[in-house]
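For reference, the structures are reproduced in the following blocks.
Note that chain A is present in both complexes that follow, paired respectively with chain B and with chain C.
This part shows the complex of A and B:
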């Protein structure tokens, strides 16, 4: 049940009304029941057993940790939970990745498929709920989060319906307790939440769905397109993915705000980033924070990495030795980030190792870049230089998006090779642009909508736009919000006759 | 060891890790105050502090400390 479907809006309206009609101390129980109902209505009902069992496993683990100070027992409980949760994730999502890779290598050596793949039904949101739950268990082990004694509260944390399908990845120690507190009705909070949901619908239904038409035209028939067509489709995909994912986050965070539950932000205008590292601090923020805390830090603090660091510093000197150790740890980190998105090399490359390569090259070339800047007497904080950095970062990210969206790694490589030929740049001016799925009017609507998005994104950096609008007089306020509402109703792609694409990150 | 004496040693560690002789940290210093203090340098800093003071931070402490003051509290609680 997609957030943008009519049935979901009916479901949400019922939940919200009942939520504020029942006694406040029962609200969390009602949210748990609603979350279970949402999961059951969103796909194959039997698959709800997966998140329920994951919560049970985690609950058993934190119960053990809560009852004993014995380090060995606590560690055993942690290892048990990690093995079971990651094992389940690996089995359902990645076993075929391993099998396909082995079969691919065997094929290159002249053998046929030597292992047969498995076909499992994958529960919705497995990567999101697994990480949220796992992070909590590790925090309890590290004694920075309190063990939850009530299984049903644990289940609400693990299965909270606004976040279970596509995040954000939540952290119990920061977000957990508010789920169980009473939230009396507060007009401003509910209205602000709904306004944010409306903004999410605008991004998803008006922009993302339009971009989708251009992207599908080229990516589904990539052999027929070269040069600028691929550039245009890929840039459209960047905006499609951003508006789809961040729009989904606006709906999730706004919806949660109407319940009085504040969730962590997942985006901060990522396409304004000046470097790849900064981009990842602005795009899918909660995944980045999770990976840093639960993969990267622990990895660097292992005995093996400490020893490696010492040897590298001895042989290569302090600075270079530190860099080499970090780059190796970062390789593992980015491989993990890539594979989190899906068991396919196109994800491992497009969302992982390619970005690792960018960051490593950025670190290595930084001194050269600094020397060039000094020779040219250019100020690093010059507006033009920063503008160039933003464009450069956006283009580099787009190369990753080609892998992310293409059918396979081979298809992505062919498209990138095809994109080099730019003899057809005239297509931007001779009307061919309007043969890519959007006619002149639709294209104009898409550009105008992107301009609105850009303006709001710039304003949002200075102050919450909803607060700014709330200070205007009632006529201006109503004109703005009703204009947006009718913009979405009139220009959005939705309804019974149209099958809106699902949230892309829902598949992860 | 007094807090002042510990800060003298800690400042040396910061200067060494971040290659900046001008650095002087205090209780309220955070990663926002030092240009290169990102997640990579944080771990390098932790390792250097552990080596200098002969103590060990738990993983929970590593991710939960919000400023240098909290880091100093942990150091003093372990070496005293």
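This part shows the complex of A and C:
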């Protein structure tokens, strides 16, 4: 049941009405029931057992941790939970990745497939709930979060329906308690939440679905396209992915806001980033934070890395030695980020290792870059320089998107090779642009919508746009909201005869 | 939520729903059928004497302006392409909301078709449901015509289907449909000047009967019971067409059923001579639907029949029917031009050709 489907809107409306009609103390129980109902209505109902069992395992783990101060027992409980949850995730999502890799190597060596792959039905949002639950268990182990004594509360935290599809990844110690607190009806909060949902629909149905047509035209027939066609399709994909993912977040966060639950932001205008590191602080923020907190820093604190760091510092000096250890830890981090997106090398490269390479190169070349800037007597904070940095970062990220969207790593490499031949730049001006899935009018709508998005994104940096609109008189603000509402209703891609793309991150 | 906030929220929602409704009306696909239904809603209350319900053998066959201009009563078709017989009861109810007709006329051709074949094509259901104003009756009609429950919401809220017509909003016909009421210049009649001859034969001597599809018989009986319960006057007709013996037997079968409920039946296929129908020039699609020439004959025959058999008072002197006078004048102009075109085609032998899919 996609967030943009009619039935989901009916479901949500019913949940919201009942949520504020029942006694506030029971609201969390109702949210749990609604979350279970959502899961059951969203496909194969039996798959609800996965998140339920995951919550049970985590609950058992934190119960043990809560009852004993014995480090060994606590560690055993932690290891047990991690092994079971990661094991389940690995088995369902990544076992075929390993098998395909082995078969691929065997193929190169002249053997056929030596292992047969598995076919599993993957439960909805497995990566998201697994990470949210794991983070909480690790926090309890580290004694920075209180163990939850009520299993059903634990289950609500693990299965809360607005975030189950595509996040954000929530952290119990920051966001958990508000799930169980009473939330009396607050008009402004509910209205603001709905307004944010509408903004999410605008991004998803109007922009993302339009971009999807251009992207599919080229990526589904990439052998027929070269040069600027590939760049246009890839840039469209960047906007498709951003508006799809962040639009889904707006709907999830807006929905939660109507329930009185504030979730962490997952995006902060990522295409305004000047460096790749900054980009990842703005794109899928909760995944980045999770990875740093539960993978990167713990990795650096391990005995093996301490030893490695010591040896590197002895041989390469303090600065270089530290860099080497960090880069190795970052490699593992980015590999994990890549594979989190899916069991395929295209994800490992496109969302992981390529970005690791960018960051490492950035670190290594930073002194050179600084020297060039000084020699050219250029101010590093100059508007033009910053503009260039933004464009450069955007283009580098787009190379990653080629891997992310292409059918396979090989297809991505072929497309990138084809993209070099930009002799067909004339296609931007001779009307060929409008043969890529969107005619002139549709393209104009897409550009106009992106302009609206850009304007709101700039305004949003200074102040919440909803607050700004709320200060206007009632006629102006109603005109604005009606205009957006009907813009989405008229120009959105939905309804019979149109097969909408699902939320892209729903598959992760 | 305080009172002020509640009022604001309700007002916002009401304005939204109103705008959404009108926007949907405007976005519904433009064409003859939409124009016919919009035209019906625009007719002043209690001014229609005869409402004709049925499928495509209605709106090109009987010219309401001629009936008015030459017989003095008003007739309006509530017809759509391949209209499923199930819709008839709901269309009667829709008509009764604003009109008190002396007579309902039902065209029977669709009763000979299997319901399943028609139900498979959503366009046939939408032809009726998506041309009605929003109402409880429309919801009931959708529930009756659309078996797939999970799909019904796209009919209840047809904006889901028609929002992609947004580019048509620049057309005057579309944006002036805001209230879904606009007089039809020919009072629901759709004129054709194409000629594709048919190969018709007279089966009026056939007296045997053949059962119509079971579901359609149920629909027919349900309609007859409904008409009896509501004490409504009705006539069941069959428009002239190229038919075969089996079709004629099915019409005979329906005649029997209709007579058993005490209602009148008129098969124009039994009166080719009286009609003066000429299959070589009166059809625009090879014998299924008539052009302006055939329509004039069918209309004249029906006009005479209705004035002879029913008490339809002549209202031509009543000023409140001025738009009907205008429609008659307009029809005469169009008819003259169409007949000239048809005659030229027949004389020259340069007939139209069937477009694939028609």
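FYI, the second predicted complex is superposed on the first by the 508 of 508 C-alpha atoms of A that agree within 3 Å, B and C clash if a C-alpha of one lies under 4 Å from a C-alpha of the other, contacts with A are read in each partner's own complex, and residues count from 1 in each chain.
Please note the rule applied: a contact is a pair of C-beta atoms (placed from the backbone, for glycine too) under 8 Å apart; a residue touches a chain by one contact, two chains touch by 3 or more.
Small disclaimer: the values here were computed from a predicted structure and weren't measured.
**Student:** If you stack the two complexes on chain A, which partner ends up touching A:297: first (chain B), second (chain C), both, or neither?
**Tutor:** After superposition on chain A, A:297 lies in contact with chain B alone.
**Student:** In the superposed arrangement, does A:482 touch chain B (first), chain C (second), both or neither?
**Tutor:** Second partner only.
**Student:** Does the superposition put A:6 against chain B (first), chain C (second), both, or neither?
**Tutor:** second
**Student:** Of the partners chain B and chain C, which touch A:139 in the superposed model: first, second, both, neither?
**Tutor:** first
**Student:** Could you tell me which stretches of chain A are touched by chain B in one complex and by chain C in the other?
**Tutor:** none
**Student:** For the complex, which residues does chain B have touching chain A?
**Tutor:** These residues of chain B touch chain A: 19, 38-40, 42-44, 46-47, 58-64.
**Student:** Where on chain A does chain C make contact in their complex?
**Tutor:** 6-7, 185, 187, 191, 441, 474, 478, 481-482, 485-486, 489-492, 494-498
**Student:** How about chain A: which of its residues touch chain B in the complex?
**Tutor:** Within the complex, chain A touches chain B at residues 139, 142-144, 277, 292-293, 296-298, 300-301, 306, 309, 319, 322, 326.
**Student:** Under the definition above, what is the set of chain C residues touching chain A in their complex?
**Tutor:** 1-2, 5, 8-9, 12, 15-16, 19-20, 23, 27, 122, 150-151, 153-154, 157, 159-161, 163-164, 166-167
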